[in-house]
């Protein structure tokens, strides 16, 4: 087994131009197209951490507060926030720019999880992730709570066992 | 304002064939492509309920447990489960079939929310939804709890105020 | 050989949103794109009847009387109307809706035929089809005449031998 | 009104490479994709004859006898065969080549009809077509019969009035 | 080894309709899409000359002087101008037409080079090309100079050894 | 007129996954697809420098020495190297990675030029570029020579006047 890796080692930047077929009747980027891009950029981050083929395991709640317009440049930045046995959580930040208008906005963030698999689709172990910056450590620490919430929502953990999530609602 | 509508009135079925460009190195449907289809089918359901243009507001946690193969037929069924002031929650069920092999499997479910908007993107009121079958009533009742969870996760509600979600973790 | 099947067993519904790249200079859906969708939905119906890989054998005359607009929701419904030795005739109905405007119209219908084949492309026998409703029986009965017309138009039958078609023009 | 035009004036050649997403599970070009290409090449031919925007009015029976393979080069040649008041019939011939294997085959032919329209979609008159070669004259003469058959199949002419078609079946 | 071939033997014509997704914010065809089409049409020409699989080796300087509009018909004509040991130079001419407006313009020309390869990607010998018309002979003769320039620009030949190019700048 | 900008201000990173439809019969990325991506990433860089709409003016000679495989991750990095009156030269570096295999390779570089235009397509002045690092200064200095070569190749400058290019071939 190789050694642990930093967040830095899995960072990926992806840039897309919003074309007519990506938009709805209001000329806004469709949410589904954005999630498609999020899936690709985060899969590449998970590949980089694991040096392995990966498959999407889950996506956490995403909200779409700001419309993104036709012709905007969309920048997606992703990196692995925590590695579990054979799975990885990836954090994605999305920024939209109308460059001629000089406008730029952070529009979304999301968490996707991936599982490293062999060619037959069987899970494979991945190396540990060691967070470094303050923000990376915060994301690393929150990963356990998000993981419990995922398991509860997928009905694979009883709510009463989700200690991390419970503490969130109790104060 | 028109009267209330049933779930039936917004039901949509969409069928897609998994083509090479929809797949990853393992010849499995990429999660991002599936979410793209989910977004389109559920937007149509929300259009049908509101008779209005709609924009994606959020997507709840989705898990991808079963791989879907190249050449499979994917059927997505969607309907509105509850209408709030100008927003709607839509439930989507996904089934994948390898028809020549006679195999069929329910692979995913998801909740998307949409907001009805006018041509300038300003929210518009939508008619109420009245659930009828047992399953529809269960989904309707759960909608409040899912909505609180969305607001908490989007940091627009304090966890301690999310009464419906709290009760889930307390027993 | 498995037993006969009903029309019901092969029914497929497909829903598509008309996007910018699907349209011509008048913002109308291009006929070629609609035929592409018809081919996919009817191939799935033929797969369902035969539980087999299928290839398109022919398409009958289609007319495009009503323009379908950018942003419309197009619903295609298909089912097998009659099975011959290794071929199947599929009937497709197309409906277009401008949901915000509350407009809906049946725009086209078409007949496609498919052949069930093995992995080397060699024809394979398919099960019989038993029509049930009045409409299904009418389509089943008309299938022989349409088949003769296809053979005549493909120059694989002499017009004078096409008894079913001849009777149509004689009275 | 401009003068009459020859078939030559509307001739168009289109060449396409069969890519993975154009093919079915057998690695054969899907019929729907081929019809999509046929629609584009024949619309351009009708534009050239009418110097006008055109919309697809109908497609005649097409049969798909020869499979076309992934990687093949598909050549579509189209020209207008006859002009009616505001509509035009276009003939399309399709050839598929496996160039490295030195194989080439004429795989399909088809007739599409188009209507010349103004920006509001209202039909506009088109110039006459004068056929020149023997083959062009034969196609020009057959156009009346194919037109009657189209009208009968679209239920816009009584079979008993379709004199040209009747004569085909009577001898 | 087969005999020499003429330019005629590799001529290919490709026709494309400029669709919304091919255009930028000004509704002009994006340069990158045009180069994509140029690559396909010239690869087919090189396939025809070599009766072999080919891979793109280089593209020469292209300038984009004339904007091409949404809805225009783009015609690309390509043929091999000279064959070297296992590589071929292909010349491409691009014409854009706004058919309803009766406008047509030669917008670009380009030179692409290809290498004939076997299934493992190893270069294979190709037959000689014999130019016939005056224009073909001129292109054939210029091919050596363009080849030296390519080698210099790719840093695979010293500028001082590029006799053909040098003579161009000396007088 | 705003002040001068650094190369840094226009840097863009784009990441693409090579999908089946991007590849030829050898499962290698087609050159035309890569150029399409190069055009988008460099147009965004030119937009960033000029804060304006831009159109592609030219592309310099590109060579494709290394095949890029299906499933590879392609990273394109672009920045403006020099601004002229209303045009900009952009440098693009392409890297391909087979992440599971741990292989990574710099495969191509290219120069594209863009013109900043207003909504009617009329050229607009752009701010100056001030190079900083050694590499940026080298690219800045070479830009004049590349510009002369472009003008000579586009037949808009006499070879004998291209002093910068001449000196390259003289020593």
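We call the chains A, B, C, D, E and F, going by the order they appear; numbering starts again at 1 in every chain.
Just so we're on the same page, a contact is a pair of C-beta atoms (placed from the backbone, for glycine too) under 8 Å apart; a residue touches a chain by one contact, two chains touch by 3 or more.
The structure presented is a predicted model; accordingly, all values stated were derived computationally and were not measured.
Simply put, chain B must spin 180° to overlay its Cα atoms on chain C, rounded in steps of 5. Chain C and chain E have CA centres that are 42 Å apart.
A straight line joining the Cα centres of chain A and chain B is 20 Å long.
Chain E has residues 20-21, 25, 40, 43, 53 in contact with two or more other chains.
Every pair of chains that touch is listed here: A-B, A-C, A-E, A-F, B-C, B-D, B-F, C-D, C-E, D-E, D-F, E-F. Of all residues in chain B, those touching chain F in their complex are 20-21, 23, 25. Looking at the complex, you find that chain B touches chain A at residues 24-26, 28, 30-33, 35-40, 43, 53, 55-65, 67, 112, 117, 119, 121, 149-150, 153-154, 159-160, 162, 165-166, 168-171. Residues of chain E that touch chain D in their complex: 12-17, 40-41, 43-44, 47-48, 51-53, 73, 99-100, 102. Chain E meets chain C in the complex at residues 19-21, 70-71.
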